[in-house]
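I've put the structures underneath this note.
Next come two complexes, and both contain chain A; in the first it sits with chain B, in the second with chain C.
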Partner chain A sequence: MLNKIGFNNKWSVISLIIIIFIILPSVFIFLGLFEQASDNWVHIKTYLLKDYVFNSFILTFFTGLFSIIIGVSLAWIVNAYDFKFSNFFKWALILPMAIPPYIGSYTYVGLLNYTGVIQTFFRNNLSIIIDPSLLNIMNLPGAIFIYTIFLYPYVYLITNAFFKKQSASIIEVSKTLGKGSFEIFLKVMLPLSRGAYVGGATLVVLEVLNDYGVVKYFGISTFSTSIFQTWFALGDTNSAIKLSASLMILVFIILVIERISRGDKKYNHSSRSVKPLKPYKLKGKKSWAMFFFPAAIFLIGFLVPVAQLIHWSIISYGNITKLNIISILFNSIGVSFIGSILVIIAAVIIANTVRVNKDILTKNYARIAIMGYSIPGAVIAIGVMMFFLKLDSSINMVTNYDIGLILSTSIFMLIFAYFIRFLAIGFNSVESGFQKVGSNYFEASRTLGKSITETFFKVDLPMLKPSLISGFLLVSIEILKELPLTLILRPFNFNTLATRAFEYANDEMIHESAVLSLILIIVSVILIYTLTSYKKKGKR
Partner chain B sequence: MFLELKNLDFYYNKKKKYILNNFTLSMKNRKTLSILGESGSGKSTILRLIAGLEKPSSGKIFIDQQIMNGGNTFIPPENRKVGMVFQDYALFPHMTVYENINFGINDLSKDIRKNKITKILKLVELQEFKDKYPHQLSGGQQQRTALARAIVIEPKILLLDEPFSNLDTNLKHNIRKKLNNIISKINITTIIVSHDKHDALTLADELIILKDGEIVQKGKPQNVISIPKTKYIKGIVN
Partner chain C sequence: MNKLYKANLIFIFLLIIIFTTVAGAEGEVNLYTNRHYDTDELLLQEFEEDTGIMVNVLKGGSDELIEKIAREGKDTSADLLITADAGRLHRAKTMGLLQPVKSKVLFNNIPKNLRDEENYWFGLTIRGRVVVYAKNRVNEADLSSYEDLIDEKWNGKILVRSSSNIYNQSLLASFIELYGRDWAVNWAEGIVKNMARKPQGNDRDQATAVVAGQGDIAIMNTYYLGKMLNSTNQEEVKVAKQLEIFFPKKTHINVSGIGLTRHAKNKENAVRLIEYLTSKKAQEMFAKANFEYPVNNEVKPSELLKSWGEFKTQDINLSSLGENNKEAYMIFNQVGWK
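On to the complex of A and B.
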């Protein structure tokens, strides 16, 4: 019986334990739904929930839409045309991803406000006084701008990878059928890449729902901000759980919409041989004209905010020693390293179990493993907190000693939350690695008398190395930038680059915040660069 | 002559290695030419140059006495009226058979399009598959869809690049016959690139053998195959 449901080896047992740990925090949220509602909840439901839903909808819808427009058109341009610096842009257009939206938000507010570079320049050099309301971005459209410009790389990355795999003959045949470049893009490539860009836009939307920093700084009420407020300001856990559950319902609706929008058609190539797209070489003016759009996006999404941060960092140079940078950097890299290692180990165990066992129970492991990424940080934080409080009280009960809140005040709780939230990223990377390797080597090794574990270490692991490293780097970048989870679950006096930068910005100490933000961006860029060059090397 | 390729040179810039060197070819209207050669002999490049998918390094191309390439002239592929069936068929995976065929004529009125597509579907015997997607079709059906899509635009020339390479050997004979039937019915100038002598024997009026971008033998398919001039040609046609 146990064999039938996949308990035939150590891998299955460890996988099941990991899966139970992933599910438990969500169970606490679910159970919280049935608890009696507090007065606060009645107030929230009657007067505030409408605003949260409206604002969250406007932010996610328009950010998703604009991210698709920018991400898809950029991916198409760099794949279809060879123009000035096109090879540079292929990589550089990913870089806005290194800037967390909350850092982008206060940088742009600083740039555009009365004392910022733009207004000062017009005022002092051209004697033009700009109406401050024109450049005020601390509102819904401003938040959409910030999210779009720093999150579009999710759409760009996935669509870019999709276009790279497309057959050149699809474009060539369209040309022989009388179609020009724009029509080919609109009628062939755009519908063809629908699955890719819808997938990318879903990630963007989930990031927007997860975000706390931008909306808090801009004073926009969303689910994230309201969960923080009800929990910390009102001390009402019950209402926070109910809000979390409402947000989960919204996420569920978004995921269903994604499924439907992707369609069920299999857009596979009709043949085995695929000749990749060859970019069309543009010369002279056309080449410079094509350069303009990606250059503008790169400028707005990366160069301008980084230049501003460098400028502020120089101004606040004298304060740097007071910022305790080394210990904050050490904290950031430390949690990011430990979190990523744990994610990759768990991802390998689950992915290998899913590959080896083909029973119904195991099949669902993959779905559960990637569930965390669609749950916003604030929701995970509440679930994890409830779970750890329960663990602590159980330990106290079992040991009969009042040893206090050992686990729920420790760094383990934060790392566990990272683990749940980012397991999806590690898992997808490892799973695609297993798919590339295939099952032939595994089966050959098994027929030669090796166990699953022996086969894994001697055969699979060496071949999986590129996927494991890619997964590790991707998770590290995400943990490094993470804000809401860290803000809620960090132990007392524990700071990361992200939390400290956010706190300074929130206290209007923009210059001090700039130094930490800049370090965070530099570390992220190094990781992104390592990741992309490692992937290129792997392809060769 | 209906199609003329005059002193065509084609090489890739980086190594300046010639794919075609001073290549000349002419064809009469409504004839079918087969080009046989090993991989890398330049046969697919000839089709791509005629379609306008590649620009020759030098030389001229005329279709129906109109210059396509030469000097400062380059007519882009979308304006050449050349139908091409690619080796991998290049069917749009997100479109049905009907939508694939419709793609090249969607500027015509609805009635005319419907009429044309119905006729073509009947010709290629795919009426009952019109609502299927490419991945739901067999190799032979995919090939006929690609052919229907290429001929519905009423091209001046039809180019077929290794039309049978994606098919099982057992099916090839039957499908070759069907293709021959369709080509005879539409009666347009056709060039078929292949590495199988049976394609030439079944489908072509004339056969050329290509080696390193040069014609090494030319004639009626039966003659070239029965009396190969060199050992290389013998190897190709046997």
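On to the complex of A and C.
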């Protein structure tokens, strides 16, 4: 019955409009693909492409792998055991996500280099001179370290949620079969949670492919630096598009691998009568031993960099003149708020349409909705800019009155770009919410003669609320940290915490950037705290 | 929570209104700039107070800003473009994004070699790309020219950042202009052979690595040493004090510069702002703040810069940095300068 609803309801029409808006900017980009290759492309292929592929591959592979190892094992430990501060770690282990990797990289280099705290301490107090190359992290392994330590929370978050949902009965059965807890983790929980951690690792990998700040500072050439270089430095749009296309093929392969390795969806245990996992209480020495690993990760991923930033903030505060911190803060919060609201509204509309309509066209909406996350920020930026300029010139033509650039000089352009870029994150939350709710209530309501819209507001929405809120908060954090889009698309006199911190750091004034980095991190931490405490409340 | 949301919403609408109306007001000038220094903002504020002309600023990378002006075409809201590299200004000129300015004040304030031949752009501050060496390990007498750096005696001793950096590209571009392509290829190859480590980090990181003993000399911009000497981190000050600047024969210089966009809507105000920034009053602060040399001859460099000594510069028009940029970029890739 459902698939006969077809195309004639409001939801489908609005979804289609949203989807068209998402696709249009990319169309502007890919029109360029059909132009002839320039001689730069030959140069790039001969001298550079091999490096890009190699570096990007090494970075994504190892960051993905280590993120899974750290994220999954942490998620298991905090769910399966009750040890010192385990409740604190449950949410504290998400916190490294609050630190954008580029800020993390500047901080760690500043901490570890010759003038940093560690070497200075040994040199001045103990007269021990450390070989600086030992502490040098400006290389591939260093970049992998930075990405892993600040991005593993994506894996942790999703896997953690998965373990929480797992019914204790699986574990009990395993235990009756005489399995030790480590064995249960390895042979039962690890395969079961594959879908969750592969999903998280995919987000991590896409973040790494998209990152520009860390690799630029470390002098590592990857796809994202090369796209910037050829587009802007060589002024060669054509080759940049070819590089973007190569990158998107790579992303496509990764997404296919994700599909395959998520394996059978039947593993997902979403029955309503889940008995939550009861953590095993550890005592005495064992409790402290278990404390060590999460504590170390929390230390490296959050406490140490934050402590360093606090130190720098204190010594450099006087140098920062005329900073308007308040207005910068409000800008950041404002765009995050608006951007996230739009993302969630659109995600709900699309996800609901996908659920209601089962035709082939609609099925692909889900794919398209998450497309933006796989396109490099700089490419989205240019696509959106071209799209808005076209809109402006159409407005001028239609109104027959030369009012100049209205939309493309406004904040709308930036918010629209955020929308495309982060719809994937909002959509995933909302979609999983719909999956949890299932379609029984929906069908019952429809049988009782309620319209799709009525059903949505009266039946689905209240049940969806937790997913919507967590989606909203996740997107807010992302927008708060966002850099390349904001740098290119913002209007006059508009600064965010991220852009201001980056400007200082980019001018090699890392101490001066600390104050802004710190505020950014504090806001993110507040959002993360809201996210976790809300989830807890939602469970009750 | 609800109250907070409402307050936020109202705030956002206000923002939107502000941003959409600002573009139409009068008595203003719109500036796209690649410089982010706080002192620049103070200068602009002073200009606003002196003239009543409001300055709207959009900061960004120079390449991104140029791309933006190009895409916006005749409707661009930018009146002025500031970049920290003459080559970039030249690119903007060749892309047809700038227009010449005829102003006696400017001709008077800025020497000929520090502005475009046809006056499409004007230098604002000067920096040199020089050799910085460890006082205790390197004898000044061993240093002479950029060419000398490819000598075997520097094998494994040179520190320099990645070739994706515009300052390195402009340095090599100047060699192409002065000595031709083959010379430049040979030089870049020689430097790669003599590198102490793979290029990484920024200019300040190179200086630190010299003191840490990872190499003996670094190629870097003058003002970074000034910044390190005035750093809030005492360790960095200590590091900087162990270093000395050497100006190679025919020192390579570059400028932060400014150009009037072709479709500028506030041309008069824009020219006034350029004149102001090159005036004696502004130049003192402008150059000093970032430890750069002023373009205006009437203004003396700061005491610190004077203490580094005087030097002779390359005798080229700075536009050539832009003309040879692509060539330089390609040479770097060919010789494997990462």
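The rule is simple: the second predicted complex is superposed on the first by the 454 of 540 C-alpha atoms of A that agree within 3 Å, B and C clash if a C-alpha of one lies under 4 Å from a C-alpha of the other, contacts with A are read in each partner's own complex, and residues count from 1 in each chain.
As a working rule, a residue touches a chain if its C-beta (ideal position, glycine included) is under 8 Å from a C-beta of that chain, and two chains touch if they have at least 3 such contacts.
All figures in this text were calculated on a predicted structure; none of them were measured in a lab.
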Should A:Gln36 be classified as contacting the first partner (chain B), the second (chain C), both, or neither?
neither
If we overlay the two complexes on their shared chain A, which of chain B and chain C does A:Pro191 touch? Say first, second, both or neither.
first
Is A:Asn125 touching anything from chain B or chain C once the two structures are fitted on A? First, second, both or neither.
neither
Looking at the overlay, what does A:Ser174 touch: chain B (first), chain C (second), both, or neither?
first
Which of the two, chain B or chain C, is in touch with more residues of chain A?
C
Which partner chains sit in contact with A:Asn440 here, chain B, chain C, both or neither? Use first/second/both/neither.
neither
For A:Thr399 in the superposed arrangement: first (chain B), second (chain C), both or neither?
neither
Have a look at where A:Tyr504 lands relative to chain B and chain C in the superposition and call it first, second, both or neither.
second
Quick check on the output: what are the common chain A residues between the chain B footprint and the chain C footprint?
none
Can you check the complex and tell me which residues of chain C touch chain A?
5, 8-9, 11-12, 15-16, 19-20, 22-23, 30, 36-39, 41-42, 45, 56-61, 63-64, 66-68, 71-73, 75-77, 91, 95, 161-162, 164, 166, 169, 197-205, 208-209, 211-214, 224, 227, 231-233, 235-236, 238-239, 325-326, 329-330, 333-334, 338
Residues of chain B touching chain A in the complex:
48, 51-53, 76-84, 86-94, 103-104, 133-135, 137, 142, 146, 149-150, 153, 166
For the complex, which residues does chain A have touching chain C?
43, 47-48, 51, 109, 113-116, 119-120, 132-133, 136, 138-139, 216-219, 221, 225, 228-229, 231-235, 312, 315-316, 319-323, 330-331, 333-334, 337-338, 382, 385-386, 389, 392-393, 404-406, 408-412, 487-488, 490-495, 499, 503-504, 506-509, 511
Residue numbers on chain A that touch chain B, as the complex places them
167, 169-170, 172-180, 187-188, 191-192, 194, 265-275
